[in-house]
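Take a look at the structure below.
Naming follows writing order (A, B, C, D and E), and every chain is counted from residue 1.
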Amino acid sequence: MFLGKVVGTVWATRKDEELVGMKLQIVKHIDLDYKLKDTFVVAVDSVQAGVGDVVLVTSGSSARQTALTKNRPVDAIIIAVVDKLDIVVKT
Amino acid sequence: MFLGKVVGTVWATRKDEELVGMKLQIVKHIDLDYKLKDTFVVAVDSVQAGVGDVVLVTSGSSARQTALTKNRPVDAIIIAVVDKLDIVVKT
Amino acid sequence: MFLGKVVGTVWATRKDEELVGMKLQIVKHIDLDYKLKDTFVVAVDSVQAGVGDVVLVTSGSSARQTALTKNRPVDAIIIAVVDKLDIVVKT
Amino acid sequence: MFLGKVVGTVWATRKDEELVGMKLQIVKHIDLDYKLKDTFVVAVDSVQAGVGDVVLVTSGSSARQTALTKNRPVDAIIIAVVDKLDIVVKT
Amino acid sequence: MFLGKVVGTVWATRKDEELVGMKLQIVKHIDLDYKLKDTFVVAVDSVQAGVGDVVLVTSGSSARQTALTKNRPVDAIIIAVVDKLDIVVKT
């Protein structure tokens, strides 16, 4: 899984019927200091994450292993809202 | 999923029989300012996207979770035409 | 899928029994001007592509969705020989 | 699989129900001299690895092939704690 | 699939039970001149490759399509020992 921050939302009227009703969040990758990177993915959301939340995202076929995404053409899903990163080893 | 723009089409007469009848779109990656990157993929299309459209693309096994692509050797599919990106968090 | 050019062949006597009889083509990635990149993959071939051909390659589990590769340890397959790239949007 | 070192833990109260009870470890990639890279993933753990351990991580759908992760939205799992890297070929 | 060279072995006593008895080889990526790159993966081995061998590696779910790896948490497998690369197209 990777860490990211929800920075916005994708609006799309014309879409595959399997996606109807799913919120499409834009998630930028972050580093362990919560700093935003330039790269991002669009993910659906199983935990009602809001814009600004730090989140955990699962990719690939594993993104389909939830009630929301089973058998749907989805390759990224927000599976947790992160409370805290506990970093012990620095170097 | 990733964001891209349809920039053209691949023409191929000799192809695997599972691909017959499928339009093969060339999709360049874009950033959140809609600027084209140099990288691209070739994707099939479940939403009749046209050249110039900003689109959402699903990759990997999830690209086979549509009526069009089920059990076919396809690893990228256009699943939505994007109306708008709503970016709230900037940094 | 990605675009590439067949530049050569891998010869291997000792191989997994599921690969016996399969031609292993070396495919370099190309850009939209047909220029070779440095990166490459080794792919099996469902369309009898020859050295020098511009081809379309499917990766991952989708590479196993052909009669030739079903249930085999193959993660890349040539699925089409490209006739032409029709690029409309330049920037 | 890739080699990494466990550097910390992710805390998340709000998460997909399939993840409840799973420890989420932050694993930085390492090179063959055990030096930490900047990149990292978040992985669940099937072998009780601790912070500071050098570990082996499986990604993608293969990360779901354990009793712990079967049918769960998990795309990375620690499958071994590494005792030693035995490097024979240097160049 | 990608080309690599076996440079060493991973030793791990504590590991997922599905991995017991599997040899874990360290495979560095190579280019078409057989030159080692810095990147590497850890792969299991279905063809008894030895250290120093040039090999072909399958990744992802396709790595589980052998008798040795079926249903196991393995995402990379050596499927052939390479005798020769026959490169015809240079530019």
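One rule holds in what follows: a contact is a pair of C-beta atoms (placed from the backbone, for glycine too) under 8 Å apart; a residue touches a chain by one contact, two chains touch by 3 or more.
Just so it is clear, the model here is predicted, and its values are computed rather than measured.
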{"item": "Labels of chains that are neighbours to chain A and to chain D", "value": "none"}
{"item": "Separation of chain D from chain E, taking each centre as the mean of its C-alpha atoms, in whole Å", "value": "19"}
{"item": "Inter-chain centre distance, chain A versus chain C - centres from mean C-alpha coordinates, in Å", "value": "31"}
{"item": "Chain A residues counted as touching two or more neighbouring chains", "value": "60-61, 63-64"}
{"item": "Chain contact graph, described as a line, ring, star, complete graph or other shape", "value": "ring"}
{"item": "Ring walk, chain C to chain E and onward", "value": "C, E, D, A, B"}
{"item": "Chain D-touching residues of chain E, taken from the complex the two chains share", "value": "5-16, 18-19, 24, 26, 28, 36, 38, 40-43, 51-52, 60-61, 63-64, 71-76"}
{"item": "Chain E residues within the chain C interface of the complex", "value": "1-3, 31-32, 46-48, 56, 58-66, 77, 79-91"}
